[in-house]
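Shown below is the structure under consideration.
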Amino acid sequence: MAKYILKRFLEMLLTIWVIATLTFVLMHAIPGSPFNTSNGKSINAVAIKNLEAHYHLDQPLPVQYLIYLKSIITFNYGPSIRQPTQTVNDLIGQGFPVSFELGMWTLIVAIISGIALGVIAALKHNGIIDYLAITIAVLGISIPNFVLATLLIQEFAVNLEWLPVGTWQGVSYMVLPVIALATGPMAIIARLIRSSMLEVLNQDYIRVAEAKGLSPVLIVFKHALRNALLPVVTVVGTLAAGILTGTFVIEKIFAIPGMGKYFVDSINSRDYPVIMGTTVFYSTVLIILLFFVDIIYGWLDPRIKLH
Amino acid sequence: MSDQEPLLQVNHLHVTFKTHGGQVSAVRGVDFTVNRGETLAIVGESGCGKSVTSLSVMGLLPASGKITQGSIMFDHQELTRLTKKQMRRIRGVDLSMIFQDPMTSLNPTLSIGTQMTEGLVHQNKVPRSEARKRAVDMLKLVGIPNPEERMKEFPYQFSGGMRQRIVIAMALICQPKLIIADEPTTALDVTIQAQILELFSRIQRETGVAMIMITHDLGIVAKIADRIAVMYAGEIVETGNKRDIFYHPRHPYTKALLDSIVRIDLPSDELHPIEGAPPDLFSPPVGCAFSDRCPFAMEVCDHVQPLTTQLDLHHRAACWLLDKRAQAVRETVEK
Amino acid sequence: MSSNDVSESRQQSAVVHPIPDDWFRPRSRKQHDAERLVRPSTSYWKDTWIQFRKNKLAMGGLAFLIMLGIMAVIGPMLSHYNVTAQNLVMQDLAPSPAHWFGTDNLGRDVFVRTWYGARISLFIGIVAALADLLIGVAYGGLSGYKGGRTDNVMMRIVEILYGLPYLLVVILLMVVMGPGLLTIVVALSATGWTDMARIVRGQVLQLKNYEFVIASKSFGSGTARIIRKSLVPNTMGPIIVQVTLTVPSAIFSEAFLSFLGLGVQAPFASWGVMVNDSLSAILSGYWWQLFFPALFISLTMFAFNIVGDGLQDALDPNLRS
């Protein structure tokens, strides 16, 4: 197990390095300096020179790259260009806790409700509940989260006035954004669990467990679910990535002061240090999450330690 | 020989399956008995209903299958009348089953120890430590070296033969009165097969458990069975003890089955496969199910189901050739 | 040994009417018809189509997609309004005989813009799926075919790429290349092929060792024949399913990017752009501006998903009866 964890850890570092380098290359592929395209204000040549020196843009690329790698290792992404009073770290510090809370709740809600829906559908295979669950699942996959978010606001906040929206002040503010964001991943998990559960329930070892006279509850939870979970664990990473990018639009729609909002703003204002910093930060968070998922997988499936 | 009531008595069992294509009559009026401590072999081609019969006894028919007629008396209890919950109290206590493929019979994500003991702990309310002790003893009995350490391991760490030993140990651990083994050696190498069969005989000697051995392999039957039931198209066409079936088969299907096995003592051109295929059980034949493939078929076979003829104390067969009126034909056949 | 297991059940149920004596003579031997095939042998694709046709939901999805394709072509022509023509007198009109889907905040006809959006969404979905197919088949095929070290290295690369949050990479690419239709296609293609490459590689590896391939080789079948008769039908299934599932995900990505302001640029309409534009309108009660593009994004993704599911079931030989 230790060897497996170490191997996954090194792979994780490699992936972070790849994404960091990719970000660097892409950002420097943009023609011209970010200051040439300033929004309407005229900045004189001396000022640009000073600014470029301040952001190390006058150095040769390899030096810039090393400075950049150092900033990543030290988690110091430098100041924003558009709002020089704030560093990227400040933005992350303000926005990340909110986004993290939103993302984690979404992930928890999606996983629990997705598993429940999938298991019930599989146990009632070809019954009304099964068809209902499949329909919910396909609809959940088909409706984009930003559409769902707008519908939810329209219905529950504007028409019915049941729940508040805008900002982030407590549980009641979280309900709608979490539902909007969790529905898609929930649907994907439900579909996966349903099909893997159906497959597992057909396995001989389930028949053996029945032959032992174990109760149906024990068979489902001890023998079937654990095996049916394996394919789901492998997609949790992808789902988490989807939830993360989903927070961009959800935070925008619900006016939640999270990191996604800063990220979208930085894209629109072409604030390159912020774009670079947040991208690398996001990727790192995701890749670390994937790392933990892999460890959970190793724990669920004893065969994995061998490879 | 004992004259007490048999351990298992199956009478006139009918099982049908609902499929998209319609009703399939998989088992059509099966009768057999198993006495305490003996081994009954149920022999037949795949699809003849032998596995369905055993699943009916276990109460493990899939949701699409249903017992439509007949009775299953096991140890003074009528199993067809029990609720699911009552049936569960019998499975894993007095009744055990061993499935065909040891590679898939064990849960890949649970340790051997957990899988060995869970039946005892949850079903028979044996304390965990006691259950572990018994599991170790059982593993020893089936010939697993270092059982204490191997209890912690997972199925992928065992070979196929070892896994089947574990599966057998698992079926035995509750000290059942009857074990149903559904083709327990089919998925194994020939050398391992012999070892496992030897293990079965030894276990039966040591524990006195009764067994139903489901198989299509007459070689296995010859080694292990006390009595044999030959199944064809959902019916038992001939029953008898080993000697009856191997040396005095009376049903043409039994004869054909015996002719079709590879025997080292005969030249290979004397191998006679049975031509044709079993009848479609969506619409079972009116007459004898074997008549289409039977080399001795008479007019009557197409129209009327043959009666079961009691040939001697244990030997019975269902064939029109055994009827008095068919004497002329029978004599030409036996030449 | 056993004893008195006499059973009379069989005897009791037996027929009682007399049997004619001449029935006890050898029967004239009947022709063996047992060996005829139960199912008529049909070609792989025809068989798949027959299976697929049974699935009503998937057929409905297919019908919807065909209609959507037709409307994407002729829809804008059915109305005399121009897709970009603004008319400030006609702002925010509700659906009416003049404007079937109403107008938006700049007085543009939502009906025309919706079908125009269908063009863009379908174009992006199909091009992205084809690009995935091309890159994925080339990469996965090469990796699986070469095997060994090459395969190892190529799959490591895929694994690392797979670990990247792909929408983030797409966003980066969009920022660098500047928003636009072409950029979206390039960005989606550059990031989306890894799944396809994995599937193709898996199929190729499996097929290389399939007994029937070895068998047809040993029977002296030509390579072209092996590929046509054995390899193509057996590999195409999962690949086609993957293609049908790539299309909706590309359509979603476009809508998502447009929503972030990185998609198709004004004055052109895509469904994502229309949803984004209508966000503020919804609070004023102009529901149709959101409703129609949102409905068609959802319906299109729904249709592609159920068609993909239907194909998957139809191609699965285990499910054939």
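Brief remarks follow.
Each chain carries a letter (A, B and C) given by its place in the written order, and its residues are counted from 1.
Here is the rule we go by: a residue touches a chain if its C-beta (ideal position, glycine included) is under 8 Å from a C-beta of that chain, and two chains touch if they have at least 3 such contacts.
Protein identities per chain, from UniProt: A, C = ABC transporter permease; B = ABC transporter ATP-binding protein.
All values derive from a computational prediction rather than experimental measurement.
Comparing chain C-alpha centroids with the centroid of the full set of protein C-alpha atoms picks out C as the closest.
Compared with chain A, the chain whose C-alpha mean position is the greatest distance off is B. Work out the mean CA point of chain A and of chain B, and you get 54 Å between them. Inter-chain spacing, taken between the CA centroids of chain B and chain C, is 46 Å. In whole angstrom, the spacing between the mean C-alpha positions of chain A and chain C is 25. Interface residues of chain B facing chain A in the complex, by the touch rule stated above, are 58, 60, 88-93, 95-97, 99-101, 104-111, 118-119, 122-123, 154, 156, 167, 170-171, 174. Taken in their complex, chain C has these residues touching chain B: 1-7, 9-11, 13-15, 19, 21-27, 30, 32, 34-35, 321.
Those residues of chain A lying in contact with chain B across their complex are 203-205, 207-215, 218, 222-223, 226-227, 230, 300-303, 306.
Those residues of chain B that touch chain C in the complex are listed here as 1-3, 6, 9, 11-12, 19-21, 29, 31-33, 35, 38, 226-227, 241, 275-277, 291-293, 296-305, 307-308, 310, 313-314, 318, 320, 323, 325-326, 328-329, 332.
On the side of chain A, the complex with chain C involves touching residues 11, 14-15, 18-19, 22-23, 26-27, 29-30, 138-139, 141-144, 146-147, 150-151, 153-154, 158, 237, 241-242, 244-245, 248-249, 252-253, 264, 267-268, 270, 275, 279, 282-283, 286-287, 290.
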